[in-house]
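Each of the next two complexes has subunit A plus one more chain, namely subunit B in the first and subunit C in the second.
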Partner chain A sequence: MEGKVEALFRNPSGILSSDAPGNDIAISSRVRLARNPADRMFPLRESEDERREFAAEVAAAVPEIERLGGADALVFDPEHMGAIEREVLLERYLASREFNARPEGALLAVRPDERASLMVNEDDALRIQCLRPGFQLDEAWEEASALDDELGSVFKYAFDEKLGFLTADPTNVGTGMRASVMLHLPGLVLTNQIASAVAAVGKLNIAVRGLYGEGSENLGNMYQVSNQSTLGESEKQIIDRLGAVVSQLVEREENTRKLLMERDQHGMLDVIGRSYGVLKHSHRLSSEEALKCLSGVRLGVDMRLFKSLDVDRVNTVFMAISPAHLQKRAGRELDQSERDVCRAAFCREHLN
Partner chain B sequence: MLCDNCKHNEATVLIKEIRNGKATSINLCAECARLKEQQGELGALGFNLAEVLFDIGKFTKALKSGAGKPELEVPREVAEAICPKCGWSAEKLRQHAGQLGCPECYRTFAPLVEGAVARIQRGLVHLGKRPVGGAAGGAVAMRLEMERLQRELKELIRKEEYEAAAVSRDRIAALKRELDAGGTDREVR
Partner chain C sequence: MEGKVEALFRNPSGILSSDAPGNDIAISSRVRLARNPADRMFPLRESEDERREFAAEVAAAVPEIERLGGADALVFDPEHMGAIEREVLLERYLASREFNARPEGALLAVRPDERASLMVNEDDALRIQCLRPGFQLDEAWEEASALDDELGSVFKYAFDEKLGFLTADPTNVGTGMRASVMLHLPGLVLTNQIASAVAAVGKLNIAVRGLYGEGSENLGNMYQVSNQSTLGESEKQIIDRLGAVVSQLVEREENTRKLLMERDQHGMLDVIGRSYGVLKHSHRLSSEEALKCLSGVRLGVDMRLFKSLDVDRVNTVFMAISPAHLQKRAGRELDQSERDVCRAAFCREHLN
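Moving on, here comes the complex of A and B:
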């Protein structure tokens, strides 16, 4: 188990990569599908032993599932992992809070490139997830759907002619699909347009949340845009609607950045320069401040203002400075003050 | 007990309202409750039937925090229903923020689920992919939904609710397109 987390945590996540279209503002795209076997109860209703029994069935099937990497798939058993290692999976978007809250009988299978994974016994028995760098919703959906077909040939799903795929929570029923795109919107935040943008998007049944879901709004100017409704439209229709909203937000962010450079060039350069200065010279950095400054540096990289920095470097730091990653790297539990010191040291070293 | 409204059917819905510290209650049959909700009369009491039915957890929280809010109990046959497969109850549903116990619960608590679905989803019928090797029927479900929407459209036009009618009309058009494009494919699969 130890080795598997080791294999992951030092790498920049497979979803944060520069080899993607339109990844300046759209950081990553994700599609999650909720599925349940027809002949079982939902995980909440099952005993720990029943959940373990199903997890064992899935674990036995994983080596045959090509889209999870087949025999190369990394299989995690959260029940026998430490809290920090489970948090590492959360910070890499491979596990959810709900998943980590109930490790008994949970299982996670991850393809080594981290772009496809399967949570077993979260709210639903099976949660398929496909992640892609940049704005690649269609690709993420196609991959998730193919993985879904592979799993569907092993497990008979709970499916109703009228309501579609049956999920533990009726807010997911139908397609069982949550599609989302992570957007970096510093321009809209700087010009106070973000609140009106979020409100406008909300009217279209599209939700906007922060980096780590609800309650983390405005952390590093990162926003997760996702569909709210899962029934009454096909997956493609939902994705097209979400995609149209994302494109509009990206366009507005681009225009705002251009406008800011024209009208207040020194103001813009000051934000970026100070952000870099703080990351480069601090000896104590809170998560919030680090993410805020990293947003400024990312903006500068997008605008080609740094000769020696690229977006891959920013992404590496972005992942490495999250609390569990810092502790994993240190090889022990760190309190908040120790983390702030380690975070500052990492930034100084890696943003040269 | 007979319905307070039509005095004909058996009452299955109990609405309690506390106003100025005085509790009043009305017993309605399912038909009258639905009618009253459609006419917005229950809305005048300060809540929406579907919202109350599904968002039970939030609703009881609201009740605890502020007096004077009306209380609506779920229809008795649902309130007392126990899922034959997993033993889940409406009370459990309440405790677990609307989560169901097993796939069969969708049938056991159908009125609750339908209320929830109508409130939070954009449509009532699944138009997405089907399980590999699943039985045909997507096209059938779509036709049923289209017929339902066409009835709804007529009714909305009669009531001169043109904005809502436009939504139904667009949904019908979308279903038609979906049927033309994918109907045969679905039936083959």
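Moving on, here comes the complex of A and C:
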């Protein structure tokens, strides 16, 4: 059976694509809007059956919502999916941990290009998400806003004239918006500048987190930079402020890379070469080491050091070696040791 | 100027050759005989001029000594060589540290295939050395004995009916012989068996040392196994006893490798693959890491895991990445950081 997850599985991921502006350092941009219907409780206050009822309502509306792909939208029912397939959605940034933890009455609608999606009955009843490759915060925001308009014409949102949109978590009240950019910052990490950069940004109410969000440490030198406040500014103001910070970080990373190449070319080539050597020749590879090495190879690709490797290839491997993707590919559960062997085999085969 | 060191330099080394029995684990065999003329003091008790006088005598005799190559023998005068060239001789196992430390009045005669040589005015006036690739202790002994007969007909040796040959260091008195085999024991190292193996062998009066002799730690999993006592047994008895110990160690290493492949194939392939990956892709490589990785690659070659790599290629690299060889190739002194860059470049280029 060729399922919906398989359909997604054929692509590296809609958000990881080389045809994007500034995709050397800014990997992807995301805007997420939290919305709730005025006539319902927040999902956590509802019974499973109430949640299922609302999910069915949304499922019925999806084919009419153009920005989700209309009739082509992929609709997932987590309750009737296996754990590995749900995890695949998480690894593709389409589902959240909270969403996967509570599949009863949950629903996910995804546009086939994966750049627009809708989680139903996560902490909020509706979570709109728009993803874009590279540094495209404005575009992601415009897309999310348009999808929001479409949905808003179907569901009457809980909205307070003074506060704005009402959300399950009070830190989302107001715009209900969380915007973020994923940055690849190996230069700042190599030169021990990352801690001071994170601290400086924190003062601007901008948060920096690891690859998989809150609490996750530095994996593969990837950092999610996102707005912390959702009140007191318009969405555009938040996006602009976040964009300015991202631009600064990107510039700092660029300058650091140039400096490193000037001051220690052999050291840089060594980091990049060894990263490639491990990916190309190891037979056991942990997720952490693989991401670290992919960071080195990505840096080399950015610097045009590889003849036959491009960023699309790096992105394909980046996504494919995630634990659930490996298991989905193998067609069965794999323990960690088996995953490490499969991960190494995939890298050896696909990094030419 | 194409000098004598350059002549040696063209080859990987006479003792490192694949056309030898048992060369998977036993890399090379060596027999060294210490001799002193009856009518002279030991070199350390002589003046520089006295040593030079004796060196001139030996130099005059060399063209007649067939086992040293006769007129084709390469005769080196360390006093008039640069430090790097003397170090090249050391790295090729033709000169000792003691020999290089005292070049005044020293002389080295080497047969062009490097399998027979004579140090003059090391600790002893004459040190005969015969080297063979693989496990060829008997052959090395026979060669050394024949060369000893030739030399003994030119110089009357200091010999005591009761003690045997008299030598500068009392631990050499008797046969004056030190026989050794270089073993590659990655399996015993990986499985933490090496310490117990060394201890067991020590009880038999057999010493186990690192790659560069006394005091040198484990480099590249290479171990020199040699006789400790030179008194109370004939040369043949010593050789046989040492040979039996070597055979046991080789067998233990072989069994361990088989077991490792059965129990942890991925782990073994990982060690071998990563070793190759580092050698093939790094841009800075210390001597220690290079030897460690060459050990991994040699293991892979032994196990027939590489299509296009053979033991000759490994041996070529093994010798060429030594510090003095690197500097000789570069044609100038290199500091450690420069050597690490040159070493990595050589490995990248030559391990295909």
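Operating definition for what follows: the second predicted complex is superposed on the first by the 350 of 352 C-alpha atoms of A that agree within 3 Å, B and C clash if a C-alpha of one lies under 4 Å from a C-alpha of the other, contacts with A are read in each partner's own complex, and residues count from 1 in each chain.
Assume a residue touches a chain if its C-beta (ideal position, glycine included) is under 8 Å from a C-beta of that chain, and two chains touch if they have at least 3 such contacts.
In this text the structure is predicted, and so the values were computed from the model without any measurement.
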{"item": "Touched partner set for A:P170, first subunit B, second subunit C, both or neither", "value": "first"}
{"item": "Per-residue touch tally on subunit A - higher for subunit B or for subunit C", "value": "B"}
{"item": "Touched partner set for A:Y276, first subunit B, second subunit C, both or neither", "value": "second"}
{"item": "Partner chain(s) touched by A:E53 [first = subunit B, second = subunit C, both, neither]", "value": "neither"}
{"item": "Touched partner set for A:E288, first subunit B, second subunit C, both or neither", "value": "neither"}
{"item": "Touching partner for A:N205 - first (subunit B), second (subunit C), both, neither", "value": "first"}
{"item": "Interface residues, subunit A side, partner subunit B - complex", "value": "36, 38, 40-42, 44-45, 123, 145, 148-149, 152-153, 156-166, 168-171, 173-175, 177, 205, 228-235, 237"}
{"item": "Subunit C residues within the subunit A interface of the complex", "value": "266-267, 269-270, 273-274, 276-278, 280-284, 341, 344, 348"}
{"item": "Of subunit B, residues touching subunit A in the complex", "value": "54, 85-86, 88, 96, 98-103, 106, 113, 116-117, 120-134, 137-138, 140-141, 144, 171, 174, 178, 182"}
